[in-house]
Each structure stands twice: as C-alpha cells, then as structure tokens.
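Note that subunit A is present in both complexes that follow, paired respectively with subunit B and with subunit C.
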Partner chain A sequence: MKLDFNFILRNLPTFLEGAVVTLELSALAILCSLVWGLVVVTARTAPSRALALAATGYIELVRNTPVLVQMLFIYFGSAVLGAPLSGFAAGLLAMTLQNGGYMAEIYRAGIEAVSQRQVEAGMALGMRRHEVMSIVVLPQAIRKVVPPFTNQAIVMIKDTSLVSSISVAEMTFHAKLLTDRTAAAYEVFLTLAALYLAINAIVSAALRLLERRVAIPT
Partner chain B sequence: MVNRMLAAALALLLGLAGAASAQESRLDVVQKRDKLIVATFGTAPPLCYTNEKNELVGFDIDIAKLIAKGLFGDEKKIEFMVVTSDGRWPSVLSGRADFGIASTTVYPDRAARVAFTQPYMDSGVGVLVRKDSNVKSLADLNNAKFTIANLSNPQMADRAKRFVPNMKVLTFDTPSAMFLAVKSGQAHAMQMDTPVVDWYAAQNQELTVLPELFSVVQNNAIFMKPSDFTWWLYLDTVVQELRYGSRYEDYAAVFKKWFGKEPPAQRFYIGGRKAG
Partner chain C sequence: MLNVLLANLPLLLKGAVVTLYLSAASAALAAVIGVAVALLQLYGDPVTRAAAHVYLYVMRGVPLLVLLFAMYYMLPYTGIDVGATAGGIIVIALYFGAFMAEVFRAAILSVPRGQWDAARALGMYGRLLMLIVVVPQALRIAGPPFVNTCIMLVKGTSLVSIVGLWEVTMAGRQIVERTLAPFQVFGGVAAVYFVICYCLSRYGRWLEKRVSYVH
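This part shows the complex of A and B:
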C-alpha cells in the first residue's frame, strides 16, 4: 500500500475547514450538555418522587437510543412538522439531549461520593437544602467528576462525526466528499483519524491539567 | 545483528506478499472461493435497493447475478456487501469485495484510483421536485428560497453550482436520505441518476421529475481494484457480451424488467431487438 502524502498536504485546507465546524459543534454540545445535565440531575435527586421518576425515565430514554437515530428523528421529523431545523441545530439538540443524560449520571456519581454526613452537618448549621447542595455538595462533586467528564467530552467530540449524515459540513463530511471524488480512501481516512486524535489529545491534556488544578487537597 | 535479522525477515515477508499478488489474479481467487463478493448500495431504486421483503433487488443486482451465472453457472453464488456512497471505494481497494456495482458513474478522477469496465448502462442526471413547490423548470428552481439535496459526491456539488447556483444545498451519503429530505420537506428537490428519480416519481404522487436534465448521458460502470489485468479483462469482456454480444438476450430481459423498455440496440445499424 503506497500512501500519497502530497495528496494529504494538498487537501489539508479542506480538512481544516471541516475541523472548524467540528470544534464549534463539539464546544457547543459539551457546554449545553454540561448545563442540561445539571438541570436533569437536580430533578433526578429532588425530594419529589414524581420529578425524580420523570428524570430517571428521561435518562433511560435518551441513553438507550442511538444518538444517530435521535439526530435523524429530529432532523427529518422537524421538517415533517413544517419547522425544519438545520442539520447543525438538529445535531446539537440530539447531542445535548443524550449527553445531558450521561452528564446527569456523572454528576450524580459525584454527588453521591460526597459523604451524607456533610449534608447532615450543613442542615444542622441551618442551611436550606439548595444551599447545602450549592455550597457544600456541588463544589466537591464537580471536582470529583472531572475524569469521567473528560471521558464523555472525548466521546462527544468523536460523535460529532455523525452529523455528516445530516448535511453538516464538518471534518468527516469533507472526508466523505473527498473520498468520493478521488477514491483515495486510505489517505483521507488516515488524515481524518490523525486530526481527531490530535484534537482529542489536546482536549484531554487540557482537562488533565484542570483536574490537577481543582483537585481537592488531601 | 538483531536489526539484520529483522530486515531479512521483513524482506522475506514483503517478497512473499509480492510474489503472491503477482501470481494470483482475483479471477483465480473468486473461482477457488466458488462465490462472488460484490459491493453495492442498498438504497438506490431501481438499480440496487432493499424491497419490502428485505431482499436486495434491482438492475445492478441482476447484472451482478448474471456475472455470477457466467462464472459458476449459478446466479446464487454471490454475496452482496451493502456500502455507502464513499464506502464503495475502500470496499474494493481493500480487497473485501471482488468488484462494485452501485449506481456508479465514471469520472476521470475516479478512474485514477479504481479500474472501470466499459459502461453497462447509460444514465443521465435528472431533478426530482415536490409538486407543492410549483416549479416547472430549472429556471424556476434556481432560487434562493429553494433547497436541493445532493449525494455526498463532489460531482453533484459541481453540477448544482453550474445549473442552479442560487439554490441552497444539502448533502447526504445515501440516495434514500436525499429522498427522505425531499419527502419530509427539508429539501425541495434532489438530483440523481435518471432511473432513480423516475422510479421515485412513479412511486410518489406528490413528487415529479423536471423535463430538463442536468446531464443527458453519462456512463455507469463496474469498478474494481486496479492493477489486476486478468480480472479487469474478464469483467470488461462480460460487460461487452451483455451489452453487445452473446449475452444480450439476458441483458435485454433484465433491462426490460427494471426500466420497462427495450435496451439500446446491439449495433447502431440494427435498430431495436431482432433475435427471438
């Protein structure tokens, strides 16, 4: 197998054009699911049984269906309903809905890792429930969940490649077009894999740095 | 010492691989295996698609079966590999499939990477539109308020830019996703091989095909990994026999079954079908 490195260099600008969209979508999706996950976990751990049950049902629903199916459903479904969402919006929405569910579970693991005694101590000091949560529990919980969050962020960056099926011109989309024009499948997909690897390596290194910065001193 | 042994082992391995590929044509491999492996689409009716009974059918599928019949005397000795628009190239270049037949147009830049046989059919590129968009011509369609669905190949992008530069463009990796975009209302129109758009229009009351074409005649051909002269020559000869020679009757029957009309004559000076 002979690889044509000039071909890769010649087409690098096309890949980078796609990489910009990949990064935009990744950043927005990660940000939105961080926020949405916080909402879901608040419901999930709420004293109200109905609310907790609804949140659990939601998490199971979005976690147990493929995100690609959700994207196609939202993308084509919105058009049938007469309000077509763009591919970017449909992809962002599907990724936020699903990963919000994952993030909620990650937060919950962090919250449950904070000793119940601290909650009781907070209550004993006269704090309200939401105060105990925001002052005592969450600051510790969020620090504890940086490693699983890093994991999820990387999964999401890779998942952005799925929006290439709903006409969003990100990296994988450009790779598909390029392959179809030239049939240079090996060169194209090798470059594509290398670019995802580079992006993810940078993101995980940055998050590892963050993990060290916010670690709870022992 | 270790380095030299490693180098020797590597040279031996490369030599073996080289010798094996130099001697054995895909034709031998296929005959030994007693079965063809063919890459195709699952969503491009009526060329290659999955019907209600979940069977892979279509004109391309039947042509592939005729090739299996020619090789083994049995059209069932064939295994299909369903691939996406961009996935068809690695499927043959990696050697997973013996050849591909997937609603595939010949373009020079493709021919630089894969080997094509002579064309087994002609197709143009037509435009399928929603009737409710009230479009009667390409001039009507060329409007910023309309969206066209393309397949993820750059030739479609080039044609859209050339014929309907004002339209917005969406790009999908299977013909069925393009069709779904038109049907659901994400797009107002799609461009595709004429047999495919004709078929969709016949099946869907709310869709129609514009009288004007993006392209009148293009070549659809079988593609394979290049540099295997024996295998290429075999397939090219089979296509020649189907189109113009001893297997024309089989070809005509399959053509009529899927397109409802006679195929082009065997020779331009004969005009229509004569035998039988």
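This part shows the complex of A and C:
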C-alpha cells in the first residue's frame, strides 16, 4: 500500500468544501437540539400528566428508531406533501427531532441531580415553580450535564455523515464521489477518517475546557 | 391510505428478519470484541494497551458510515473478499465493539475492591478469582448498558442500506420508489425498529431494577 500524498493535497479543497457543510450542519443541529431538548424536558417534567405522557411517548419514539429512517421519512415525505425540503433541511430537522429526545433525557438527569432541598429553599423564598426552575435548578443542572452533552455532540457530528445519502454535499458525499471518479479508495477514505477524527478531537477538547470552566466547585 | 403498507408488509417483514439477523450476529461479535478489548486494556502489557487505545479512539471518532464505505471501497484493493453481508457484520461489530469495551471495562472496575480482597483472603488468585468472583458480578452490572449499546447497534444496522445491503430500510426505499408512499412505508420501517428497540429497552430497564435490588 503506497499513499499518493499529491493526490490528497490536490483534492484537499474538495474535502474542505465538504467539511464546511459538515461543520455547518453539526453546529446548527447541536444548537437546535439543545433548545428543542429544553422544550421537551419542560413538557416531560410538567405537572400536567397528559403533557408529561406525550413527551415521554415522543422521547421513546425518536430514541427507538434510526435517525436515517427519520431522515428518509422527512425528506421523501415532504416532497409528497408538495413542500419539498432540501436534503440539508430534512437532515437538520431529523437530527434535531432525534437528538432533542436524547438531550431532554440528559437535562432530566441533570435536573434530578440537583438536590430537592434547593427546590424547597427556592419555594420558601417565595419563588414560583417556573422561577425555581429557571433561576435555581436549570443553571446548576446544565453545568452538571456538560460531559454527557459532549458525548452526544460527538455522536451528532458523526451522524451528519448520513445526510450524504439524501444528497447533501458534505464531507462523506464528496469523498464518495471522489472515489467513484478516481478509484483512489485508500487516499480518500484515510483522509476522510482523519478529518473526522480531527474535528471530533478539537470539539471534544474545547468542550472539556468548557466543562472545567463551568464545573461546580465542591 | 394504509393499503400500500398492508400490500407490502410481507416484504417489510422479510427485511425485518434480515435486520434481526444482522443485529444478532454483529451484537454477538461485538460482545466478544468488547470483552477482549476491555481485558487487554485492563490487564494487557503496554503495547496491547496502546493498540486497544488507538482502536477505541478511531472507532469513537469516525462515523460508522465512513467505516462501511471504507470497507466496501478499500478492501477489494487488498484482495480480501469477505462478501457484502459478512463485511457489514464485521464493520458494525468492530464499531460497536468499542462501545462494548467501555461497558465491560467500567463493569469490571465497578466490582467493589473489597470483593477482590475477600477472594484473595480466601486464597483465590488469577483465573479462579476472575471466574468465580469478579466476572459474575461484572456481568450483572454490565447488563443494562450492554442492552443500551445493543439498541444503538440495531439502529446502526440501518446504515448498511446505504452501501447496498438488503434489509428493512433498503426494502422500504425500494417500496417507496415503486409506490411513492413515503409516509406509510417509512412509518412501517420505523415501526419495525421501534418494536425491536422498545422491547430491548424494556428488558434493559428490567435488568436495571434487578441490579439495583442487589446493591
């Protein structure tokens, strides 16, 4: 096995073009699912039983089906409805729906990790339920869940490769086209794997820094 | 509305059987890889430990789809021909084997120190201590996270449809091409995965309860 490094260098711009789309989709999907997860966990822990049940059903549904099937469902389904979404939008929507479910469970673990006494203390100070949640519980809960959140972010970055199958020109898509055109499978896929490793290494290092910054001092 | 789904149900169920087969085969292989890597990581010499570390790092940082593509595009050039199905099973097992390794490593480490000490005080050592004292307890602790990883694995098998293996997702895509009814058909495909994964997650929760009774 001999690698042609000139080939890699020559095609690096193609890879980087794809990497930009991969990063865009990852960043948007992570942000959207963070927000959506907060909405879902609010419903999940709501006093209303119907709302909590609906949120639980939603979480079970999105977590027990593959994100690829959700993408296909949304991508081809939207076309039938007469409002075709782009592959990028369908991928973003599917990833937000699925990972919102995961994020909600992560938030919930964080909320449960905050001592019940703090909730009582907040109540005793005359705060309302939503005030206790937003002022006392959530700020602590979010700081506690940075490590599982990091794991989920890495999973999401890897999952963006799936949108290549609904014709979004991200990194994996370009790599596949390049292999089809040049048959340089070693060069292409080793470069691709290295790029994913690099992205994930940088993101997890950055999030670990964040983790240390926001850790609750004991 | 649901006629399309009903008419194509036999085909989807056939796909579901293939998905189950792929999942079971790769889960079994992944468990073996997981145990082996966990033991190498804990008790191996520095070289095997480093090798295990590199393996885990690569598997956790590279998407499963890229590994599948790499398998199908690169392997033919090396002259190794394992066939599509076997190739898919091996790649999925290698990928999730890394997650299993973490599960088993954590389980072995979470057997209380006192148990090791007690076993040594009774004169046990080496293989005997592992087999009689540590492994049975570690397996019980590893149960729930192992089942969770299996759920990820079942969902992961859907990716082999992208590299051309026929299973339930691929069957769904073929039916949609023919019938143009994506909601019903992909809804059916999702239902197949949901049934498998939901049963697994109930089982996992039941195991979790049993473990928490003991401790």
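Quick note on the criterion: the second predicted complex is superposed on the first by the 218 of 218 C-alpha atoms of A that agree within 3 Å, B and C clash if a C-alpha of one lies under 4 Å from a C-alpha of the other, contacts with A are read in each partner's own complex, and residues count from 1 in each chain.
One rule holds for everything that comes next: a residue touches a chain if its C-beta (ideal position, glycine included) is under 8 Å from a C-beta of that chain, and two chains touch if they have at least 3 such contacts.
Note that the structure is a prediction, hence the values are computed from the model and not measured.
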Fit or clash between subunit C and subunit B when superposed on subunit A: clash
Contacts of A:E17 with subunit B and subunit C, given as first, second, both or neither: neither
Comparison of subunit B and subunit C by subunit A residues contacted: C
Subunit B versus subunit C as contact partner of A:N200, first or second or both or neither: second
Subunit B versus subunit C as contact partner of A:G87, first or second or both or neither: first
Touching partner for A:F76 - first (subunit B), second (subunit C), both, neither: both
Touching partner for A:S161 - first (subunit B), second (subunit C), both, neither: second
First, second, both or neither for A:L177, with subunit B first and subunit C second: first
Partner chain(s) touched by A:L61 [first = subunit B, second = subunit C, both, neither]: second
Which superposed partner A:A185 touches (first subunit B, second subunit C, both, neither): both
Region of subunit B that runs into subunit C when the structures are aligned on their shared chain, from 93-101, 111-119 or 237-245: 93-101
Shared contact residues on subunit A - subunit B and subunit C: 76-77, 79-80, 164-165, 175-176, 179, 185-186, 189
Interface residues, subunit C side, partner subunit A - complex: 57-58, 60-67, 69-70, 73-74, 77-78, 151, 155-156, 158-159, 161-162, 169, 172-173, 176, 180-183, 186-187, 189-190, 193-194, 197-198, 201
Of subunit A, residues touching subunit C in the complex: 1, 60-61, 63-70, 72-73, 76-77, 79-80, 154, 158-162, 164-165, 172, 175-176, 179, 185-186, 188-189, 192-193, 196-197, 200-201
Subunit B to subunit A touching residues, read off their complex: 84-86, 89-90, 93, 109-110, 112-114, 152-155, 157, 170-173, 177, 180-181, 184-186
Subunit B-touching residues of subunit A, taken from the complex the two chains share: 75-77, 79-80, 82, 84, 87, 164-167, 169, 173, 175-186, 189
